[in-house]
């Protein structure tokens, strides 16, 4: 059994490394504290020893514990804030743009049309019954999240990516798919009766296949008309 | 030992909680206003700054009469305070009626919604304070201090709201 | 005859006696714990065996009812179980006794606060049984979902009788009641202490209750403002949280979490206070680092009101804000590490006696340790992006809130039961109760960590459409968690049996069965209205256990040496 699911984005490994780093420190803290607790329980005697912890000599052991956890905190923060910076700020150059419009209870995906802009009339739209977000392999993709009704959240576990889709505002984040395949997408914010069934998929394909997909989608409306 | 009076302590804590309540409302108002850009929004009636200034004066006067009532322990001053408080409420109500006639609705825009909510929340507090005043007028207990404290809170909160909502 | 009837009502129903009010709060809280626990059983069963009919309930849950039950489970356990039992129940029972006075500062306000709370409970239960269905927008009540009640928006007077409106109304009433209670606690502690009871002679329980009340009063105002705005949105149709009219749904999240995070400390501190009384008594040792503990908790209380937005990392907040809130959140681990280590140090080289109360107290510390440490994962903004709204969060807060609301409450009930009923609960049954509760709790909550790490998101009635989560081992883990919940239920029947057995027995408990030092043990069991014949006088701090050069192993606060 895998603890964390497959990784399929450029920063997924770093997000996981934050988890393992914290797990390391937390496990050490937990084992030590539990050992101290057991030791305290088994250190019992016929008559209790009177001390109140009101001077440094007695209190220092607790103080060392606090200093220890503070140090661990700073190491964790020092590392994780670097990853935070990388995941949150948009990279200087993104190759593609994708729009996500969530509504009760599905996701619609928007690719910029000929004008290169999102949320305009010429956008290429994937909407139900199609529900697959097709993405190019090894390209940085900027994602814009919006909602048409209530708050949803686009959750792609394999990308370690989850942001709310909020009505009235647009959230911009990015990812870079690094592994071909089909991945689960779910809505991670309670959004009404059918929240339980709100799902979608991501399909990562080589860039050429992605281009072909866009080309085909562009033709589609003509074919239906 | 000089222990503080229970009533004063209790009312102080109540006021503290109320301050946090109004702080929440005002910060919500401020956030909405900054996000909106144009404020008041186009096509919305302006608030009556001048006539509300008279209301403000009426309420501030009531703080003075309350102070007198406390100092001289006279029922008459307490009664005047109650009348001034009621007058404030009536004047505010009259303004609301006029504003509704001018088309300022709570449903239409945030401007109206915040105006009625903030001013209304204060109005409810004045009403509660007037009712407490009437109770004190009837019982006339030894110490008017807890009531006076709450009254000052309600009175001196108003100019702050007036400046934030009407003038700025 | 008629006269006695009157006095019964004054004595047990509309009483101003702090002990009766404390009992009333606790009994309503325990009753609501049954309701909340029942809801948990129903939806846990549904998760383990999706689509199957549920014993003691009926058909499998439809998604709407499922959402409703999850919503009410959360709200009930927080606001109608933890708050009334830990804060209002124990606070009312103990604060006047511990500071050595006859009653609360404002007995009538106290009575009123209970009846407002009772009204809020009634309103909440009505909203659960409305024909239009219970409120199902999550206990965090996020608009716009909570603002318009799913497209169906009845107009003004009818809009009051919807689940969501009554739910908000019940919350507002509950907050009002707790504000009144909190004012009473603080004023009683400041102004009604008995002779000799200085601030630093107060038992840690009183300190923590007061700090909890203070945090509550700092943080509750904004959420009440938010609740008023949301109620107006729902009833008269304002647009505070409606983006179409310039409103902002994120505003609610700020107002709610400014309260919601400190709220955890509001219930945590009374729990730690209970533990802080029990551990010294059964270790026969002074509380370790008493003053330092108070200072640390004040620091944590301050931090708790400035870290709220760690619930909003995924809501697209400015990344710089994310940094600030992440640092603040993770640093909260430092003062609480100090408190937990001090509690452990109190046991060190003590003469430990594992009574049921002590078992629950130690179990609380151990379980809370897991909850506290896993908080560091979620405080880290990077990992929170992944873990937010997954079962990792669910596991984390059950490892904090269950020890607080259940283990600490039960510890307190076993410890103070002889004082307030005059009878002592059976220890053998008590220990069975403890071990069953503790083991089944871990069986329930621990698998949830793995489910969360696998990416299982919250508030889903049925995982069948999520192929990855619908396979092994996740289905088995969900079954294990459900067995845990059923086990916790079975354990509570042991407790119920113990309660009935004890209350029916004729044995009378001693005045101070645990040889404790604090003032409440000086009163009769149960203490009469007014508590004391002559007010006690305090000569020392609250933890004079096993003093050196003495034969006795404790000197109570009220004994002159």
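Some notes on this structure:
Going in written order, the chains are labelled A, B and C, and every chain counts its residues from 1.
The definition used in the following text is that a contact is a pair of C-beta atoms (placed from the backbone, for glycine too) under 8 Å apart; a residue touches a chain by one contact, two chains touch by 3 or more.
All of these numbers come straight from a predicted model, not from anything done at the bench.
Contact topology of the protein chains: linear, an open path with no closing contact.
Between the chains A-C lie more C-beta contact pairs than between any other two chains.
Per-chain CA centroids place chain A at a distance of 47 Å from chain B. Chain B and chain C have Cα centroids separated by 35 Å. Centre to centre, using the average C-alpha position, chain A and chain C are separated by 31 Å.
Looking at chain C, one finds that residues 247-248 touch two or more other chains.
The touching residues of chain B, when paired with chain C in their complex, are 3-6, 9-10, 13-14, 16-25, 27-28, 31-32, 35-36, 41, 106-110, 113-114, 117, 121. For chain C in complex with chain A, the touching residues are 63-64, 66-67, 136-138, 142, 144-145, 150, 243-244, 247-250, 283-292, 314-316, 319, 322-323, 326-327, 330-331, 333-335, 337-338, 340-342, 344-345, 347-352, 362, 365-366, 369-370, 373-374, 376-377, 380-383, 385-386, 388-390, 450, 453-455, 457-462, 465-469, 473, 543, 545-548, 553. Residue ranges on chain C touching chain B, taken from their complex, read 105-106, 109, 179, 182-184, 186-187, 190-192, 217-226, 228-229, 232, 236-240, 245-248, 251, 255, 258.
The touching residues of chain A, counted against chain C in their complex, run 1-5, 14-15, 18-19, 22-23, 25-26, 29-30, 33-34, 36-37, 39-41, 43-54, 58-59, 61-63, 65-66, 69-70, 73, 76-77, 80-81, 83-85, 87-89, 145, 149-151, 153, 155, 157, 160-164, 166-169, 171, 173, 184, 186-197, 199.
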